[in-house]
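I am attaching a structure below and will ask some questions about it afterwards.
Labels run A, B, C, D and E following the written order; every chain starts at residue 1.
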Amino acid sequence: MSLELIDGINKIHEFLTSNIEAAWVVSLIEYVLVGLGFLTLYALIALFLIIFERKICAYFQCRLGPNRVGPWGIFQVFADMVKILIKEIIPLKHNDKLLFYAAPFIVIMGSLLTFGGLQFAEGVHGVDFNVGVFYLLAVSSISIIGVMLAGWSSNNKYSLIGAMRSGAQVISFELSACLSMMAIVILGGSMNLSDLMAAQEDVWFIFQSPFTVVALVIYLIAAHAETNRGPFDLPEAESELTAGYHVEYSGITFGFFYVGEYCNLFINAAIGTLVFLGGWQAFHLPFAGCEGFNAVMDAIPSYVWMFGKTLLLIFLSLWVRWTFPRLRIDQLLRLEWKIMLPFSLANILLMAIWVALVK
Amino acid sequence: MKKYFTDIFSGIWNLLKGMKITGKVLVSPAVTECYPEKRDELQPKERFRAELTMPHNENNEHKCTACGICAMNCPNQTITVKKSKITDENGKPKIVLDQYLYDIGSCIFCGLCTRVCPQGAIEFTNNFEHAVYTRSKLIKQLNKPGSKKVEVAKPAAPAAKPAQAGQNEVAAPKQENENKQ
Amino acid sequence: MEDIKKLLAKVAPGKEVAEGTQYPTIELEPNEVRAVAKKLKEAGFDYLINLTGVDYTDALGTVYHISSSTNKTAVVVLKTKTADRENPVLYTVCDIWKSADLYEREVFDFYGIRFIDHPDMRRIFLRGDWKGFPFRKDYNEVNEMPTTNVNIDDLETLPSITFDKEGKIVEKTKQLFDNNEYVVNFGPQHPATHGVLHLRVSLDGEIVKKVDPNFGYIHRGIEKMCESLTYPQILPYTERLDYLSGSINRHAFCMCVEKAAGIEVPQRAQYIRCIFDELTRIASHLLGWGCMAMDMGAITAFIYGMRDREKIMDIFEENAGGRLMPAYSIIGGLTKDVVPNFQQTISEFVAYMRESIKEYHTLFTGNPIATGRMHNVGWLTKETAVALGTTGPTGRASGWSNDVRKIAPYAAYDKVKFKEVLRNTDTCKGDSFDRYIIRLDEVLESLNIIEQLNENLPDDGVNVKVPAIVKLPEGEYYQRAESARGDFGVYIKSDGNKNPYRVKFRSPCMTLISALDPLCKGEKIADLITIGASLDYVIPCADR
Amino acid sequence: MSSYEIFVIVFIMALVMVLGGSVIGLLLSPKSKNNQKGEQYESGIPTRGTSWMQFKVGYYLIAILFLMFDVEAVLLFPWAVIMKGMGVEGLYAVSFFLVVLILGLAYAWRKGALEWK
Amino acid sequence: MEVKNLRVKSMNHVTFNDNEYLEQYVEELKKGGVNVAIGCLDDCINWGRSHSVWPLTFATACCGIEFMCVGAARTDFARFGWEVTRNSPRQSDVVFVAGTIVNKMAPVLKRLYDQMAEPKYVIAMGGCAISGGPFKNSYNVVKGVNEIIPVDVYVPGCPPRPNAVLYGMLQMERKIKLEGFFKLPKKPAITPEEKVWAERLAKEEEARKAAKGIK
């Protein structure tokens, strides 16, 4: 399908150039189309994940979850969307207005930019820098600045504590995510996502070295923490800080945090898939005599592989979220600095040795 | 050093065991009862107290004598008994029930009224669907319009009290009853 | 009894021990109270069960119920009163028994009695701008519903009275917090204060410096209402005190009235009452377990707890006709006999619950995050527990054996074999984890009790005839019962009418809340929530 | 379309999404006014003083360590890219650096800098 | 929308209580006529709102426990899309007044309600919230929360069983489905309760000023 998609894009391009003379108009229309495409995908994924989580969490809790709006409750999220879009945005009295309204933008920007850097299927990708991994790491950490701004600018004590905790979150899991990716960069020899994809054509990275498994586990924990979810939802900490950093946000401004959270969930799982689990590459057995099996695997479209694996990681993340209690802030720092950081540093060293000696 | 590693691995092991529990629930069926969908099957148990009613027989008759013991025993004046004195065809003065008002919005379902009722004229049923938009609608008249007290052959002694357990807290000596009125 | 009388003669020479009372009672002049109290404390009476204010119409007074953590069955009652109704003043005992702190504030709030040298004479339940003292018999002020937000000065200024050098009484005030302290309100509307407790927490970053619990956001004045209700009418209100151990409270009140009126309740009723008490306790502990898990962020565990709790609710509904408020015990027995398949349901439930507890342990107790958050957090030593009067599972987690079911067995508890669940004081000194785990252990013990009672259910009817109007002979009655949160007490002072003269419920939750400040000092915000959850208080019980 | 163009497009789209959503919300939503609405929410009790005041951050020391380690991580990335091509030499070159890092962490740990204060 | 066309999944229109109120409500809204397009848009918005009502976690007493039961597995209110309980009033749509409101709590509840974003709804759950319930003779209890804030639905019971709360939620859903979005204000700008409140506030303000003047 991905090739068909590219075909379709080419057709649109031809159609536009044949009908419109001014080249800049064509470009503009294309830009708008691309942008809208991204936005739609982004929104749809967020909506899908919201209902997905609500259903899955219900099943974890021996409940049914939404089932009265539409078949199996799938229109539940649209109802939520309609409602939240036309809910009042409360004008606050004592806040820092500029930062207050900038915060959701920064959150959304951070996650959309990361989203733009993903690869969704063979040949379907947006931003593809030669420092792709680096880019993803860089822009994905913007969101947390939005969280801090939101907490600070609200002039609310709960949200301020939430903001401070999100600071702890940054200094905790940024580093591990970074170092676990570095292990893959050593193995793959490139920071470009396309190159990394190509390197996983036969065998996914996860099966290439035992140390990628460690890296994957560390990455999953760190990525999970960066989404401010599950056992790492300290900045929100419902039972402690009522709603944490976004306690003063109402209506759609709160909706942006909500959407951003779910998209970050997807994005982090997608990065994990791309970097460790072979992204949209099919599962191949690199042995002689397995060509038949490989051909069957290849017959499955690449986007199915991509989204299937991503969903698997998301499911894992939900499972963790709906099982564990929240960490305390010193446990959080301890987990990072006394467990994950030594492990990832050692992992890099071992990975380098592996690459130098085995490969 | 050894403790550090054993701690980590036992920790992970315990986390995984916890995940096994939730995973098991994930694949087992939900315990949710779908209330509005299966409304007919989901009636509360028989003894459940959800609404005070006054049973009427097919002739639109009830057993209430308008004595007001229930109203007196109610801890928070949920029941109001409005009665009037008339003379019946034999020329005897007689007390009849005009309105038996019951405010479900303040009822605490303690069951004291049904226990003390000497006639067994009121009872709790388990219809729990009472939500309304107007508070005044929560005040219900229990005796149906035009209903009257069932005429039974008068037993010699008031021993006809239903031999129900717990009805021995019957309060209300006569005079106090009248005073209240 | 004789020993105690001898002791009383020693600590209060020349005072007569009243005859014919339930517990040895002595009346003291206000200025003698402190001396006697100190001597009693030295003699081992270190647990102030209850402190009740009473309006004797001609005088205002207090009644102290004192017991000991070593000689557990001994209870001593002290009484004192002052004839000054305009400006009544008594001497504080809050430095002798720490739990008197909140009790004395309560007496001040209800009766206007001020306690000399008590450091904090704020109103406890009512707002600072409340007019009059509602529990006085001559109270007739009209207080409109307030429309303005609570005044922060009222919350922070601590008035107190003390003697100056010349021996005159002077009034002093003190500020609770410094001006530049970072004070955050947790509650009244907060998901983790278990109701409408209002905690004003002074923070230093994440660290809690001081916790100031504010009560009264659900003070309904039940005790005052009881003074105008008949005894059967009071029963539904007892269930609404601590709605999680409603059956037990109701049972306690029934027992108190039955004891006073000399009503003998059939064995079957007593057995069933005990089964219901234990079921209530299990339901309460399940909710407590679930809420603790939820407060720590594990919502799934909460849902599992509630799932299993529904089974108990079903039993209640089937037999008693109510879910949260079964309304099953009445004076003289039970409303109705249990349904025919009751025994089978119970034994099925017991088997099911035992499996569930194992599941809970795997899901939550073993979780390293949870244990990490509970271990070494919120130490409560046995001495502090006794001083604060934190009874129930909380006290037992600190190694204080205080189970009323063992100390003063009531109903059918002397006919079953069970052990009081205590945490070993050598290895653990009562941190959050102990308070957590003891609840699950108690559930298992309760299941044992239920099993035994269920197997030997006698068959002699469920109620006896009681007079149409229950009137208690003049006097004072006290009944203790072990509710899910600790030592629940009912104090009834009767003047022979069909209404009680004064009813006081000894709330186990109030003392639990008073433990928050000492436990949370120096811990983190997350620990404040964990400790609060591990104490497992119910605010309407504290506020009454 | 180059990556940079897409980057700009996505950036603008984020702006459009937030602005669009907020404008719809502001224009269409029902509104009501009262005195207490704009006040801070703190469980229903008026807040005491301001919340913008000095606030102790307990992880201050760790935050500084983080800065250090993050910079080191950035420095390591170029090496990581060419590690595969360099083979054992690349390993020698950087293992010293890595060991120093690990020792640094161990030192900080030993000194108690990683404890919550 | 007509009351007759009002459909709630798997529940018949006539089985609901208090349909008269809704009919009256629709009559009022229909005064002046409704444009078809606007009517459709109204239906769409109301559909969204009625299926996504996020409650504020506000529980004072016993009813709060039953409210927790409603959220638990047995009677799962997530099925209706109500499960996203928000702790901040800014993000919630409905406040379940679950439990007794005493004098000290009244200003807190009022403040929370004031701080909620429109549209906001109130469900009085249980006897205490409706009328003071068991404690209506007490010196410190508010006799019905409609003295403080306007109530949309009353769910009697002490406490109501979880299914009764679900029934109340369905009632709420029906009411929201009839709202006219483009016929604001949907509630009177100042409800009678608000009026009482405002008068009291003004009175107190006056008294305070007077007291100051004397000083």
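FYI, a residue touches a chain if its C-beta (ideal position, glycine included) is under 8 Å from a C-beta of that chain, and two chains touch if they have at least 3 such contacts.
Nothing here was measured: the structure is a model prediction, and the numbers come from that model.
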item	value
Topological distance between subunit B and subunit C, in contact steps	1
Contacts common to subunit B and subunit E (chain labels)	A, C
C-D against A-C, pair bridged by the larger set of C-beta contacts	A-C
Distance between the centres, which are taken as Cα means, of subunit B and subunit A, whole angstrom	54
Interchain centroid distance [CA atoms averaged], subunit A/subunit E, Å	38
Computed distance of Cα centres, subunit D from subunit B, in Å	58
Subunit C-subunit E separation of Cα centroids, rounded to whole Å	34
Touching two or more other chains - residue numbers and ranges from subunit E	9, 72-74, 76, 79, 87-88, 90, 108, 110-112, 115, 117-119, 134-135, 137, 158, 161, 181
Multi-partner residues of subunit A (at least 2 other chains)	58, 60-64, 67, 86-90, 157-158, 164, 238, 242, 247-248, 251, 322-324, 329-330
For subunit D, residues that touch 2 or more chains besides their own	29-32, 37, 39, 41-47, 51, 55, 57-58
Pairwise chain contacts under the document criterion	A-B, A-C, A-D, A-E, B-C, B-E, C-D, C-E, D-E
Partner subunit E, residues of subunit B touching it in the complex	30-37, 39, 42, 44, 48, 50, 75-77, 103-109, 128-135, 137-138
Subunit E to subunit C touching residues, read off their complex	56-62, 64-66, 68-69, 72-74, 87, 99-100, 102-108, 110-112, 134-135, 137-142, 147-148, 158-159, 161, 197, 200-201, 204
Residues of subunit B that touch subunit C when the two form their complex	7, 10-11, 14-15, 17-18, 20-22, 25, 31, 44-45, 47-49, 73, 75, 108-112, 115, 124, 165-166, 168-173
Contact footprint of subunit C on subunit D as seen in their complex	42-49, 51, 53, 55-58
Residues of subunit B defined as touching subunit A within the complex	8, 15, 18-19, 21-23, 25-26, 28-32, 34
